[in-house]
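Two complexes, one shared chain (subunit A), two partners (subunit B, subunit C).
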Partner chain A sequence: MQTLVQRSFASELRAILAVANKEWTIFRRYPTWIAAFLFWPVMFPLAAIMTARALGGPSGAGFGAFAQLAGTPDYVAYIALGNTVYMWMNITLWGVGLTLRNEQMRGTLESNWLCPVWRISMVVGQSLQHLATSLVFLAITFVEFWLVFGVQIVRGNVGLVLLVLALLVPCIYGIGIIFGSLVLRFKEPNAMVFLVRGLVMIFCGVSYPLAVLPGWMQTVAQYIPLTYAIQGIRDIGLRGASLAELTPTLMPLAWFAALLPILGFVTFTVTERRARRTGALGQY
Partner chain B sequence: MTTVTPTLTRSTAAPAVQTNGHHAAASPTMVEVRDLRKVFPKRPADTRPLWRRLLPGGRPAMEEFVAVSGVSFSIQQGEIFGLLGPNGAGKTTTIRMLSTLLEPTSGTATINGYDIARQAPLVRQNLGAVLTGERSIYWKLTGRENLEYFAALYHIPPQTAKQRVSELLERLDLANRADENVERYSSGMKQRIAIAKALLANPPVLLLDEPTIGLDPQSARNLRELILEIKNEGRTILLTTHYMEEADQLSDRIGIIDQGRIIALDTAANLKRSINQLDSLQLEVENFEPSLVETLTLMPTVENVISHSGEPTWSLALHTTDSRALLPEVIALVGSRGGQIRAMQVAQPTLEDVFISLTGKQLRD
Partner chain C sequence: MSIMSLAQPSWQSYLRAILAIARKDLLHFLRYPLNAIFQVLHPLIWITPVYFLGQTFVQGQQAATGFAAYVGTADYMSFILIGTVLSHYVATVFWGIGFSLKTEMDQGVLESNWMTPNPRLLMLGARTIAAFVITTITDAVFLVIAAWLFGFHASGDVVAAVLTVLPTILALYGFGFAFAAIVLLMRDANTMVDITQFMVSQLSGTQYPVQVLPWWLLPLALALPLTYGFDAVRAFLLGTTTLLPLAWELVILVAFMIVMITLGAWIFARVERICRQRGTLSMH
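Presenting the complex of A and B:
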């Protein structure tokens, strides 16, 4: 009896695309995503923008101090840029980070892992779908900020913005895969999501300049890739920074971009092996 | 409540595995399992306050739970091998090891000649598996989308996959509902999609873990017919079940598993014949005096008594070496305590009786 399996590099790529396509089809069949896509981008940074407006005072006298620390008086764009990167990180944690756990809860994880496809290909496929959806989310964010606040987020050298995003993608998805593996191991995602996003929100200067943080917190911030991404995008958009000026910011980000996916792969492999030893795959 | 009161139980510490070598010479071996063992680490329950548990050295040491304890068997091409045992006997753990989802603690196994530990991807190419429960497929996808998705994960070329999916949908009588979301399917249809998924790559070996659990009687019957059809195509099937009728009807050979060990292995007919010297005397009694169970158990020819208390009728099954001699004694004893016998028969042994005679307990326990 001849099996129909014909394994090749092309068939592995087809499998990755099939995973992405499956995720996209399921995503579309839960209509609440439309509301999330339309309202979140504006609602999310609004609280920080309104707080800043209140602190600036009726005459805007307080914004002088902000401009000195942030290097720009445009606090709305400053907050919007930081929050957009943060939102991306956030939805990646909830998306890619919980995909494996969701498969486990649905009971389909083992069913997938019975197939001869590489198990990491499933994670890559899920990340691919997530990346495509989150890019749509970012596009909606840019349009909504322009329409609601009159703020053009993408400004300055678009090529450099894309360069920062290209370096940020492997960082975010590397963290997402590490996170997803740990959730598969520890089962309880909420506490971990809150911990990670709390760290990012406080240490990376999402809504305020890093200069307001105590020294030790600024040191911690240097070890989080999002700090550099937010800094880079703000420098391009608000100060018109050139590639040479950006290099000190982009170099650490490039290192993170090289290391985090590898760390994600290793964490996933170790977790998968452990799950096979302990029988944790089928446990809820 | 059902209880089994044995007078003679066989030790499972040193199981006697019976086999008649059925099929052994006729066909190639497709599944070979040798001394497979799975031990899970288990942390004992700790009822102490949280602060004490968090202190250094405050957590109790890990213990071991032996789920499968040195299981061995082989399955020949075209054979249905039934693994019959109660819940928690080690059936699912065995299937999960064979399907490469779990790493064995020790022992070896091959599927179509490929080692489950060293050649896991090749093993997965050669087997289709349906695990317990119907959530092995995506409810938010249609039947066709599910199959096309899994075909890609099995590395089936797109054109072949399309054709294979249509063929399976047609064959499993799902073609007219193929483009509806699976969430609208009945349990039987969901299980058929799961079987179609297992058949996608045309694997020579199928592992079916409790395939009819949760199905209505008609769907279960249809599924059993389908399993026989699949076998007739020349596929090798390992089936786990705790339904003795299912094991009896489908399996060429049956391994009875309990507490992680195979305690008997043979054809259903041979297993039943092995306890043929025992009759099963079955009674339905009104106003039965429960303390009589003990007395019946102590009667010389009685091996064990299964009692099922009901209102107002009790069901009793006595495994005896001499039903003819026992019958008048039982009638007299029950009558002397005010019980009225409403029905009575001497039945042929079933696989359930085999299991009881080997373990002293019922399959459903």
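Presenting the complex of A and C:
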């Protein structure tokens, strides 16, 4: 098949940036995002923190059991760290995961996919904008926890924290792209977000130590990358772990970081081919 | 100039309108079966981490003694399950009124629907009918499963508890009407409904007694009628210690109901008039 289009690395890069810019324009068009970015970082973990405070009791009778299992008496920082990683995952599912579906609903997916660029470049562009806004969200979280609870959630070796975050980015966006592809296929995004984020909330020890889970649930937790990311960040911040001590946690996370983007690409390609073959791209 | 109308509104025509809206919403709900299943699964997913968080605090003890010191019962799961069920009704009012308004704006049917000779408040309220029926059914299933998984021991006066819920929900309708007015002005519902509903539910003590809230949030919690609704219902069902004498809490609920419905309806009428004058009803 002949085409007049002259695709190059530069043209793909321009397409990625154009999509990121378009997503950014839509994002800032609704100023309520400011309220969301200020509200959720502290208010979401507040539910678990206050529940923990109630369970601990006015005299602190219950905190001994928590400290023994969690390895730290600082329940606020413990819950805050787990919930911050969870919130990042959650907003990625709603953001990256639903972008394709939103295009499908608006009726622009088919026309956009007629452009002479790789489809995956469009998804990468959407993820890029999302990553930038997520980093702002994380920065706000750190500041708000310090102001509201007097808790610094970036503690210990900052370089190691950044290493864990760097390994977490491909995991989260890999999952986001897999998720977005599946939403395109099954068309019930809300239910799927509830399922995936629910699995993370229950199995990854977002608010509690994994030791409290039954054995089979701990086994399931080992197959979710967020388990290692949460554990790593807590080990650095609450126990001052060194790189050597973190290695058993970082190795599985590194494997997930290498495999999940590839799995995301494969899932997206298969879903895209199937949608084109069945003519289901415009259906919703 | 007098306005002539061929419409002959009566209570029967209003009833028919309410039933038609409820039927339409029910059809929408049943059209997405996965969402229907997740209406039961989602609260279970949400409540499971709270159960494990509780287990972290009661390890090695017979009961949650710290929790009991706050509310007079160590049965924290029954306490939380009652709060969860009540919070679903709160969500029904918020999403049923605020979000459905935005959905109609997006679909472009708000103006045409509002051309029908029905009061706007009736149409807003009717959008919650199907959701209430669905919530009641799914919550019954949810409670049965949750009782099996986590235990639920409510042995108090169920009739008194239901009678307490009624003014609480009606007061929420007033709040919902005022909220709908804000959605009309801001033209974005998702973030606002999400934030407001979460904040109202959390500050009212869905998961914990409000006494554990920080000093800067406690006045807000005590200013919400829902706080006394949750407190009174738990007192009737679980025999928990109340914030105020029970009779006072019931008087506050009834007073709030009257004030909120009047105020909410007034605010909505004012804002709706402004939007019609500006011609912004169809914008989104």
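By our rule, the second predicted complex is superposed on the first by the 278 of 284 C-alpha atoms of A that agree within 3 Å, B and C clash if a C-alpha of one lies under 4 Å from a C-alpha of the other, contacts with A are read in each partner's own complex, and residues count from 1 in each chain.
Throughout what follows, contacts are C-beta pairs under 8 Å (C-beta built on N, C-alpha and C of every residue); 3 or more make two chains touch, one makes a residue touch a chain.
Given the structure is predicted, the values throughout are model-derived calculations rather than measurements.
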In the superposed model on subunit A, is it clash or fit for subunit B and subunit C?
fit
When the two structures are overlaid on chain A, which partner does A:Y228 contact: first (subunit B), second (subunit C), both, or neither?
neither
Between subunit B (first) and subunit C (second), which does A:F145 come into contact with in this model arrangement: first, second, both, or neither?
neither
After the superposition on A, what does A:V5 contact: first (subunit B), second (subunit C), both or neither?
first
Figure out whether A:F179 sits in contact with subunit B (first) or subunit C (second), or with both, or with neither.
neither
Taking the CA centre of subunit A as vertex, the centres of subunit B and subunit C subtend an angle, in steps of 10 degrees, of 80
Once chain A of both complexes is superposed, is A:G57 in touch with subunit B (first), subunit C (second), both, or neither?
second
Contacts for A:F268 in the overlay, against subunit B (first) and subunit C (second): which applies, first, second, both or neither?
neither
Answer with first, second, both or neither: which of subunit B and subunit C does A:F256 touch in the superposed model?
neither
Upon superposition of the two complexes, what minimum C-alpha distance (Å) separates subunit B from subunit C?
9
Both subunit B and subunit C touch subunit A; at which residues?
30
In the complex with subunit A, residue positions of subunit C that touch it:
32, 34-35, 37-38, 41-42, 45-46, 48-50, 52-61, 64-71, 76, 80, 186, 188, 190-192, 194-195, 198-199, 202, 206-209, 212-213
Given the complex with subunit A, which residues does subunit B contribute to the contact?
38, 40-41, 93, 96, 99-103, 121-122, 124-126, 129, 131, 133, 135-141, 145, 148-150, 152-158, 160-161, 164, 181, 197, 200-204, 234-235
Residues of subunit A touching subunit C in the complex:
30, 32-33, 35-36, 39-40, 43-44, 46-48, 50-63, 65-66, 68-70, 186, 188, 190-191, 194-195, 198, 201-202, 206-209, 212-213
Which stretch or stretches of subunit A touch subunit B in the complex?
1-8, 11-12, 14-15, 17-19, 21-22, 25-26, 29-30, 106-108, 110-117, 122, 273, 276-279, 281-282
